[in-house]
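Take a look at the structures listed below.
Each of the two complexes below includes chain A, the first together with chain B, the second together with chain C.
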Partner chain A sequence: MQIAEGVQLVTFGILSLLMLGAALGVVLFANIVYSAFLLGGVFISMAGIYILLNADFVSAAQILVYVGAVNVLILFAIMLVNKREDFKPLKNSWIRQGMTVVVCGGLFALLGSVSLVTPWKISTVMPLASSTVPIAKHFFTDFLLPFELASVLLLMSMVGAIILARRDFVPDTVTGITSTQDSLTLPERPRELAGK
Partner chain B sequence: MNSGIDLQGTFIQSLSDFGISAELAKVFWMPFPMLLMIIGATVGVLVNVWLERKISAAAQQRIGPEYAGPLGVLQPVADGLKLVFKEDIQPAKSDPILFTMGPVLVVMPVFLSYLIVPFGQNLVITNINTGVFLWIALSSIVPIGLLMAGYSSNNKYSLLGGLRAAAQSISYEIPLALSVLAIVMMSNSLNTIDIVNQQADYGILSWNIWRQPVGFVIFWIAALAECERLPFDLPEAEEELVAGYQTEYSGMKFALFFVGSYVNLVLSALLVAILYLGGWSSPIPIDMLSNLLGVDPSTSWVQVVDASLGISMTLLKAYFLVFIAILTRWTVPRVRIDQLLNLGWKFLLPISLANLLITAALKLAFPTAFGG
Partner chain C sequence: MFVLNGYEYLLGFLLTCSLVPILALSASKLLRPSGGGPERRTTYESGMEPIGGAWIQFNIRYYMFALVFVVFDVETVFLYPWAVAFSQLGLLAFIEALVFIAILVIALVYAWRKGALEWS
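Let's turn to the complex of A and B:
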């Protein structure tokens, strides 16, 4: 298995480089749109690494959920919120930056030492031909509670989003909008006025 | 088990006879099916453009392209050449990197999805277990490319078109995935080859369309919406948005969007054929025919006939669906954006959920008919 192993090694190198580069770009770019697009790159290279680990279902799910849904929603949020704001320079901003450096450096040192100390054992178990059925069995036996809790969490956030989007707390008749404009207004609920 | 023609096995065997290791032989083999599939998909686009021109002409009582080649078959080639030689204009205030990446990100996942389209028992690039799921995952990358194109053009129509396209493809992905899930439940596998084999027993009678009529309609509507075909081509609605996210594009970058949308249409038609119309299996099973004629189904010429019949059956079914899509485009008016979202979220989503639940119930009640 010379060629296959070589291909795996090279692919792993390329994917890790891509992932690290894209992740650095997410953090370092000043333009938030670039960061959002690069985040998609991070997720896709992560899916590639899952494929190298013989987890084909997980990698497809990673692309579907993170790239297809989460990243697109982030992009939507960025592109629909179009607020121009001039940021005033803060006094003593070096304290904030210094704190960030300390926290990030500490985290990096911690994770780095953990990854160096841990004795990484390479599993000799033959990978499964298909991971879909074992994953499903785990979901419905020993991982049933976390699985159901995650779905309840998603349901809660969905209900919250719907309530926020419908704005039912705005009363039907808002004083201030007179009936003379009725022919010009769109047939929708009156919105809360900006700056109120 | 009768595995049919195994070209890969024969190729590797013959190279091994020359003293090349089996691994290296496999490396030599791998580019062939990929190249073949890319060429096939591109030729499929040309056929599609020609069909679109001819059928639209017939729908409007015109003749359509006539002089470029017999019946105008070379017209799409001329179109393609024109786009290749056009100047590639880059708007001054656009974002150059994202502007170039957008069309690439739209086209690549569509071509990658051809990995899982089978034309016969062994005529598929990769026989992986997550087949259909991989297609759904890959097609969810496309909206990012559309958003990228819409944003980087720095044009309000482009941005609106990109946002609309992304919203549309996100909302129709859910009914699409749910109707695929019903099929997967019946065939106990995500693998496209298993799905076709499960419908192959009794010829036309065992096709999934008889067991999943509702799922078939939902899948087809959602697939048309994902391809942005006319009843749902809001992202590029000419009267409202100039050309949507394609407004600022010209030359080959525009052609990439164009190719991507047509390849996606053929891909959707192929997947409908695979999931609902029995894939490569012919309406009358070939084994039954050969038994009737008294020929052993494992003789080589029967195998060749079987394989070529399989490819032509898949293509025939797919192009029949493409014909329906083109006819729909030239006869049905465009829906409004609120109608589109209402149809997706308030009609197709509950119906596809109910379809999934009913399929599960039927599978428990009649395991023989619904693949227990």
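Let's turn to the complex of A and C:
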């Protein structure tokens, strides 16, 4: 049993509206934490659209990596550096806003016209019922070297992330590093409460 | 053309999921008495008084765990098709996947030795 044609259309409409609304929210909310959560909404709607395009593996990877890991990392980064500050409004901010409108509007017009003008080729091949098993077969036969190289790439990214995050390369003689460490390791709750 | 099987259950599940909070909130709005004192507006009614703001700065140590987690999350994505097609792939694919995991175990050992997994 499969989803009927009309239901697919309605689902696509709802997903697109969700995605556009969440993307607008990411841009327009002043509170950056709301923006980060709405970015997760954009990723989830995108995963739904991948399912509608018969790409179930890509959809699962999208949810697992983007919603589960990347968005959490973004939220952690926001909560780490987050200091509530009262920003003063800039003088002549209308120049910046006008420039932003021009650049974004031009980009939108360019991309919109390209997507309308391009003669999209629609594949006539019957899509696969599930893409996971063919992907696995390709991984272990003709795409074996990229598959193993991916693990080396992950190893390199992990080592690089640990070196950058721990700042091992900073010599001990540099003063001031301890003070920044102290300011970044604030206790989450007052000590007298944690002891109880 | 949509060919994936079984996704109508997912659609029904999502619809039910999105109906539950709407129904729960609107039912409680219909049933509850209106008004109430200032206690109604506290964060935890008849609970502890919250201390400080809700928006605290996270400890930087969480970030190390999140970084290590991202790497192993991507590894999961690569191993998932292997797990799905395990019975059709045979011994050679098993050894190849073991090589893949072994390289990432090196990453885990490195993170461990560097103390990235410790709550110091």
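Please note the rule applied: the second predicted complex is superposed on the first by the 134 of 196 C-alpha atoms of A that agree within 3 Å, B and C clash if a C-alpha of one lies under 4 Å from a C-alpha of the other, contacts with A are read in each partner's own complex, and residues count from 1 in each chain.
One rule holds in what follows: a contact is a pair of C-beta atoms (placed from the backbone, for glycine too) under 8 Å apart; a residue touches a chain by one contact, two chains touch by 3 or more.
All of these numbers come straight from a predicted model, not from anything done at the bench.
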| item | value |
| --- | --- |
| In the superposition, chain B vs chain C on chain A residues touched | C |
| Touched partner set for A:Val67, first chain B, second chain C, both or neither | first |
| Partner chain in contact with A:Ala109 - chain B first, chain C second, else both or neither | neither |
| Partner chain(s) touched by A:Thr11 [first = chain B, second = chain C, both, neither] | second |
| Contacts of A:Phe37 with chain B and chain C, given as first, second, both or neither | first |
| Which of chain B and chain C A:Phe139 touches, first, second, both or neither | second |
| Contacts of A:Leu154 with chain B and chain C, given as first, second, both or neither | second |
| Partner chain(s) touched by A:Pro127 [first = chain B, second = chain C, both, neither] | second |
| First, second, both or neither for A:Arg166, with chain B first and chain C second | second |
| Chain B versus chain C as contact partner of A:Asp56, first or second or both or neither | both |
| Residues of chain A that lie at the interface with chain B and also at the interface with chain C | 1-3, 33, 56-57, 60-61, 64, 68-69, 72, 76, 79-80, 129-130, 132 |
| Sites on chain C touched by chain A in the complex | 1-8, 10-11, 51, 53, 55-64, 66-71, 73-78, 80-82, 84-85, 88-89, 92-93, 96-97, 99-101, 103-104, 106-107, 110-111, 114-116 |
| Chain A residues touching chain C - in the complex, by the definition given at the top | 1-3, 7-8, 11, 33, 51-52, 54, 56-57, 60-61, 64-65, 68-70, 72-73, 76-77, 79-80, 82-84, 126-130, 132-133, 135-137, 139-140, 144, 147-148, 150-152, 154-155, 157-159, 161-162, 165-166, 168, 184-190, 193 |
| Interfacial residue positions of chain B with respect to chain A in the complex | 23-24, 27, 98, 101, 128-130, 133-134, 136-138, 140-141, 143-144, 147-148, 151, 159, 163, 166-167, 170, 173, 190 |
| Residues of chain A that touch chain B when the two form their complex | 1-4, 33-34, 37, 40, 44, 56-57, 60-61, 63-64, 67-69, 71-72, 75-76, 79-80, 129-130, 132 |
